[in-house]
Amino acid sequence: MPRHIHIVKVHHLTLSFPTAKNPNPKPVLDDVDFGIRDGEILGLIGNSGSGKTMTSLAIAGLLPESANIDSGSIKFAGKSLLDMNPKERRRMLGKDIGMIFQEPSTALDPLMTCGKQLEEVLTAHKESVMEPEERHKAITDMLQTVGFTNAEEICSRYPHQLSGGQRQRVLIAGAALLKPRLLICDEPTSSLDTVTTVSILGLLKELCHQLHMTILFISHDLSAVRGFCDRVMVMKDGKIVDKDTTSDILNNPKNSYTAELLTNARLDTRILGLTPAPVDYESSPVLSAKDITAGYGRSLFERVKKKNGSTESDTKVLHEVSLKVYPNEILGLIGGSGSGKTTLIRSLLGLLPHSGTVNITSTRVGAIFQDPVSCLNPAHTIKWHLNEALRASGKAKEIKGDGTFDEKRARTLEWITGALEACGLGAEYLSRRPNELSGGQRQRVAIAMCLIQEPSLIIADEPFSSLDASSSAELLKLMTTINRERNTAFLLITHNIHIVRQICPRVVVMSNGRICEEGNTEDVLNDPKSEATSALLEAERKLHGI
Amino acid sequence: MSSANRSLKRAPGAYVFYIAGVILLGIVVAAFVVSLFWTPFDPNATNAGAKFIKPCLEHPFGTDNFGRDLLSRVMSASKYTIYISVAGVAIALILGTIAGIPAGYFGGYTDKGIMLLGNSIMCFPGILLALVAVAVFGASVTNVIWALGLVFAPTFARVCRLGTMEIKELDYITHARVMGVKPARIMTLHIFPNLVSQLLPATVIGLANMTLFESGMSYLGLGVQPPDASFGKLLSDAQAYFRVAPWLVIFPAMMLVFYILGLYFISEGLRVSLSKGGK
Amino acid sequence: MQGKAGYFVGKLIELIVTLLLVSLLVFAAFSIIPGDTARVMLGPDASQAQVDLLRTQLGLDKPLVVRYFSWLLGILTFNPGTSYAYNMNVGTLIAQRLPVTLGMSAIAMLMVILISYPLAVLSARKPGRLGDQICSVIGHVLFAIPPYVASLLLIMLASSVFSLLTVGTYVTPAEDFAGYVGCLLLPSFAVALPKIAMSFKFLRSSIIEQRASDYVRTSKSHGLSDLKILVRHVLPNSNVSSITIISIILSDILGGSLIVEQVFNLPGLGRLLLSAISRRDFPLLSGIVFYLAFITVLLYFLSDIAAAISDPRIRLK
Amino acid sequence: MKHLITKSVISVMALSLMATSFAGCNKKPADANNNAVVGITQEPGIFDPHTVVAAGDEEIIFNVYEGLVKFDKDGKLNPCLATDYKISEDASVYTFTIRTGVKFHDGSDLDANDVVYSLKRAAGLLESQDGTALVSELDSIKEVKATDDGKVEVTLEAGNTELLSFFTTGIIPEGYDNCQAAPVGTGPFKFESYNPGQSVILVKNDNYWQKGLPYLDKVTFKVCADMDAGLTELAAGSIDIFPYLSADRARQLDSAKYNILSNGSNMVQIFALNNKVEPLNNLKVRQAINYAINRTDIISVTMDGAGVELTTAMSPAMGSFYDKSLDGTFKQDIEKAKALMAEAGYENGFNITCTVPSSYLIHVNTAVELASELKAIGINMEIKQVDWATWLDTVYSNRQYETTVIALTSAYAPYDVVSRYQTSASGNFINYSNSEVDKLLTDIPLTADEKTRTDLYHKVLKHLTDDACSVYIQDPTTITAVSTRLEGYYVYPMYVQDMSQVKLVQK
């Protein structure tokens, strides 16, 4: 085994948060022992609460005040970090150790221009006395390095004027400005979309080579380390449970927990064999939308200004989108973030003012949404939800029929229980409240509410993005079952190309508020005609190895 | 996020506030409940021969310039203080909810109109508005309650409006709209129950503020009518004699502060525990 | 920055509309006051003919709409008419009293800022420590003491312990500025006390919140010292969120000083207001109420503007 | 603007609007300049001698304007701007000889034309006026004219022996109509300035016709919010004279620094019962109420004992016109009161409302004490506070009330005290009606003989007491603190501050 130069050596580190009441709590880090080799990209994987962030904060010296290091040591380039005084450790930050974090939207001071914030990195370290011009040059150079062509302009912008990806680049520029030897990246991509993620990871890798930096890459997503990290460590409950090269971890996991993580990350194997109902494209569509154009409201003054002849299109999010969904069809709708998918859905559902026409044959359209947390009203029971759906459908009278109050109630109950059971949940769930249910169960209740209304079309807006792989698979199964058995069409919005491949006979790709490509799923995905589709496929391939 | 949570945990826990608040409020409420059945003396019975008796066994809180027993008066004053603050808050709450939820739900011109009205009311220093309202309609307990209710309604309307604006963006409301539920039903059955957690601390703090206002108005002679009294009225009556009979100021002030502080502590406890639970 | 200009214009229009509505409310409120102004002025023994004559002289017989517009015009040109009771220009009367109320509010506000700000910064440095907890508990207690009770206690304290401060003798600023400030110190403090607590509580939690925010973590990772983070990031951000609170506090102080000046025997707007109420002095009453509301609206407007200037995020909605 | 109001309406004790308390301060005592500061508790407003209403204004302008006659400290009328006067046999023509050598503050000389103008203005006889008297008692003047020999002849519509005291009305220069903004009179002090809410400043009239007077160069009437504010200022030495103190406050003052003067105030505090409403129209009920209350206790809790008990409509300050034989008529006797209630058919009592003006603490407190005492005979009295404007409107003008508590003040003239009990009198807000009293009141002004007149007054008072027309409570004592550095200050039986005699104590 070749000897490596470890830039960081964490030696049997144990860390806990003792309180007055509980002086000996369960350690947050338990005997963590590892090294980071000079120049490598080390992945640190684990679920939330596994201690990966604490590990990185311990290295950086940014642990909360209440944290107590019970034993162990951390060496950085041979120097013991824990023996240094706080001032010395602070000086190392930015200069020797750089950090970037998960949420680029809040990681920059909203009141300060990006240029000024980057300048602080330089002024904070007195050793590097620089003239203002020099500082400015260093900053613009670094901004160019991280991929900005308009570095000067970025300097004078406020954070809210930049996109998420741009902000993350600015943060990377800040972290890399003094060319630290170690860059700690704490989930830098988890709030970014696939395409941006790929580009940020590419940038980090490039910086790593260009500036000879070592990267500690923290993520909860095993698939994100593919093709990026050299080595991967897996953490669970404050312990490092697995440590190996990336390819071994991904292809040949020795540890059972790693294997479990890996299976959970893979949806594709579980949904093989789901077959959607056959579609008759000759019949009249259940939904046909023509020339939908929509945008968000503007203030009175902007509207006044508009009349004086400035640009018209900037607040429009959708441009003349036309769309048809046929009976029994599961239509996939894909596109990057900001492509206008959600706006389209809201327009179709009549929640947004828009121009153009929407024709829906069925009286009701069902809808399920992305966030399982907010899809049900936390103040009411499941039974109330189903009753409300029944009431709103206008069929309540019909269901209740005639008879005594008790008879009516029994019939209603039977009806809503039937809908719930069709979604795989028993009658015992009726009296529960949403916070007692898991995300997948809540989405099922949402579907049950749709079923009560007996719609011919259900619009599903990214229903899987917040669910884990097994729940997603269950939900997909349910959707295809409903599709087959109840002849319900679906309009499925997703960013997950696997799913589209598996269950959608037809797919529509959106980009910049327009439909850029549509057709048979096989044709579109195997032979993309538009750049947007290609970019989506490329990012997916890089990230998930498809 | 994590460190914010931690600093909250290290602050005195919600239960400390609860206990302190319940004890303080409990004293006042106990005085109120007991006064409904029994007071040591008739709170309004004067006795010129027993003026300005210092606190003693027979009169634990002393007597006032009419020779009335202050303990009995304080006990019966708690009735008016509690009644005015509770009724006033109820009115403010009802008005605020009726105005605030539609403003937040519909947005646009409905919102602009309602908020403009609310802002206009808030433009007057609260006490000024209450004073003028009572001056216009006459000084009586009912009018004080209405005036205070009106003054406080915009505060509740704001809470409701902001809460509604947040909640209406949530998927379950969107879902209800897609299902075709009528706006009135969405606002009352879907949104309102979820506002309760936000309205609760606002209500408790509103009770405390209402008491402060009421005592200020009583001080200016525009509140409860003699010989009855609220804490504020007792205080304003006592001020003429506070050098001769400081106990006339001390005991009502103590009860007033107990009541307000008790409410503050409970609202603080509610706020802390709700913000923890909301995570 | 063009967006900002639009924002300002929008706020200005909002200000004007609010003021119009306020004026309508004021006028409506005083139009429904029971009690005939002319009758009150003339006393019980005057004949109906005399009362009617006076009503005509005062213009009280004209339709409501006409009276509203003539009143509005007067009040907007700072010429709200002649007080019935004092037989003097309302503007002059208010101008004479304004130094007391405004001076008191200004001193109280200064006290609020000077006391609560450093305390909040110190307290938030180590939240949960003994000092912080003592400050918080004292803050709660102060919050629960009505200003006039505080005035009373302060007078007791000042007279018995210090016997230094001049209480009760008002000096105009033109006569003796130091004396003017001196006689307002104690009443201002009484008004300021609960607001110090309020501002402390808000600033403290705002600073704690800002210190826990992501950009502070970023700045830490950039190697900035705690002091620099506090001065350059935490305080500016908590200031932005405090602007609204400050304007609310100011408006409360204005209202509180109306009561406290009664206790301290200061010839301020509060006393004028009460005498105007009891004498049904409509021009005076409406003038005071409208101008006080005007000051408040202006405060809110200025706080919106200040927030917009200091926060680059506030632009178009 | 015209203030057409009678002088004798109701003005009320200048007791505190709101009772507040104050602490001492260390301001230097008023310096040894030849001036004095008087504390007042009512905001001044009107300085026109003919439209003035509030007692608080009258006490100030007493020093600025003078009438043909003037009261002295004992309540006696002395010639002033008239050196002499004659009243005709039927009391319908008053003839005044005008003093010569008197100068107005603006430098012009006083002559008969000024007097004619002033009296006509007060009586509403000027051509520019509509005939309504500014001073309502002078309404009965038919004509005022100057005779050739510098005398002024006033002709009345009917004989009235009681009118002389109203010729104290201030005399102003002929044609002058700006008394509100710039008062001009002949008094010992000239009007200097008025700062609303703060002070009225008067300066010495160097040309005053009484040689040697006044002694002081400057008098400042300083507005204090209430009694306690005044007390603070006294303690601080920033005011020299402060009237209307309560007994317990006066006791707190340092006797080395202040002399305490007390005197009856010629006021009648009354628990007014509306004689027209049930059950107060029943004599027995009214008598029962009179027997049920304890005047000593009321004076004790409201005035700290500083008041004179009353059982009839006149204050003992009125001298011989007051009927001493009525003293002690209604001594508290609960049993008797209960018996009377039973006789009237109210053995179980009844509910009643007392409408009091909220700005007068003494009356509110009296009502509280009354309510407590009336409980003993089963009367539940609810107190309803209203502001002064509402009180005037509903209680005094429209008489829509059951009971109220108020202090009746009057000019220092016995007729002014009792005339309101005439059935048709506008001031008869208790709706009292007794034909014998009406007759007596018609006779009094026509009776020239003082002895007979005194007798008639006693008869009126006896009727009022026998009919228990209302409950007369007390004549509150006026207590005034005067700095020991001043002398020559006297408490008048009427509501004035005479500063002309006040001078510094010579060391």
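Letters A, B, C and D mark the chains as written, and numbering starts fresh at 1 in each.
By definition in this document, contacts are C-beta pairs under 8 Å (C-beta built on N, C-alpha and C of every residue); 3 or more make two chains touch, one makes a residue touch a chain.
Just so it is clear, the structure is predicted and the values come from calculations on it, not from any experiment.
Between B-D and C-D, which chain pair is linked by the larger number of C-beta contacts?
Between the two chain pairs, C-D has more contacting C-beta pairs.
Computing the C-alpha centre of each chain, which chain sits at the greatest distance from chain C?
Between chain C and the rest, the longest centre separation is with A.
Could you please state the distance in Å, as a whole number, between where the Cα atoms of chain B are centred and where those of chain D are centred?
Each chain's C-alpha centroid was found; their separation is 45 Å.
So the centre of each chain is just the mean of its C-alpha atoms; given that, what is the distance between chain C and chain D in Å?
From the centre of chain C to the centre of chain D is 41 Å.
Calculate how many whole Å lie between the centre of chain A and the centre of chain C, each centre taken as the average of the chain's C-alpha atoms.
Each chain reduced to its C-alpha mean, chain A and chain C end up 48 Å apart.
Averaging only over C-alpha atoms, locate the centres of chain B and chain C and give their separation in whole Å.
Chain centroid spacing, chain B to chain C, equals 22 Å.
Of all the residues in chain A, which ones touch at least 2 other chains?
none
Hey, what residues on chain B touch two or more of the other chains?
In chain B, 3, 10, 135, 138, 219-220, 236, 239, 242 touch at least two other chains.
Indicate the residues of chain D shared as contacts by at least two other chains.
Within chain D, residues 18, 20-21, 359, 387, 390 contact more than one other chain.
What pairs of chains are touching here?
A-B, A-C, B-C, B-D, C-D
Under the stated contact criterion, what part of chain D meets chain C in this complex?
For this pair, the touching residues of chain D are 1-6, 9, 17-18, 20-27, 43, 45-46, 53, 130, 132, 136, 180, 195-198, 223-226, 229, 232-233, 236, 238, 359, 387-390, 392-393, 396-397, 426-427.
Please output the residues of chain B touching chain D within their complex, sorted ascending.
Against chain D, the touching part of chain B is residues 44-46, 48-49, 51, 65-67, 135, 138-140, 219-222, 225-227, 236-237, 239-244.
What part of chain A is in contact with chain C in the complex they form?
60, 62, 90-95, 97-99, 101, 103, 106-112, 117, 120-121, 124-125, 158, 160, 171, 174-175, 298-302, 305
Please name which positions on chain C make contact with chain D in the complex.
34-36, 39-47, 50, 53-54, 57, 82, 84-88, 93, 96-97, 152, 155-156, 158-160, 163-170, 262-263, 265, 267, 271-272, 274-275, 277-280
Can you tell me which positions in chain B touch chain C when the two form their complex?
The contact residues of chain B facing chain C are 1, 3-4, 7, 10-12, 116-117, 119-121, 123-128, 131-133, 135-136, 138, 208, 212, 215-216, 219-220, 232, 235-236, 239, 242, 249, 253, 256-257, 260-261, 264-265, 268.
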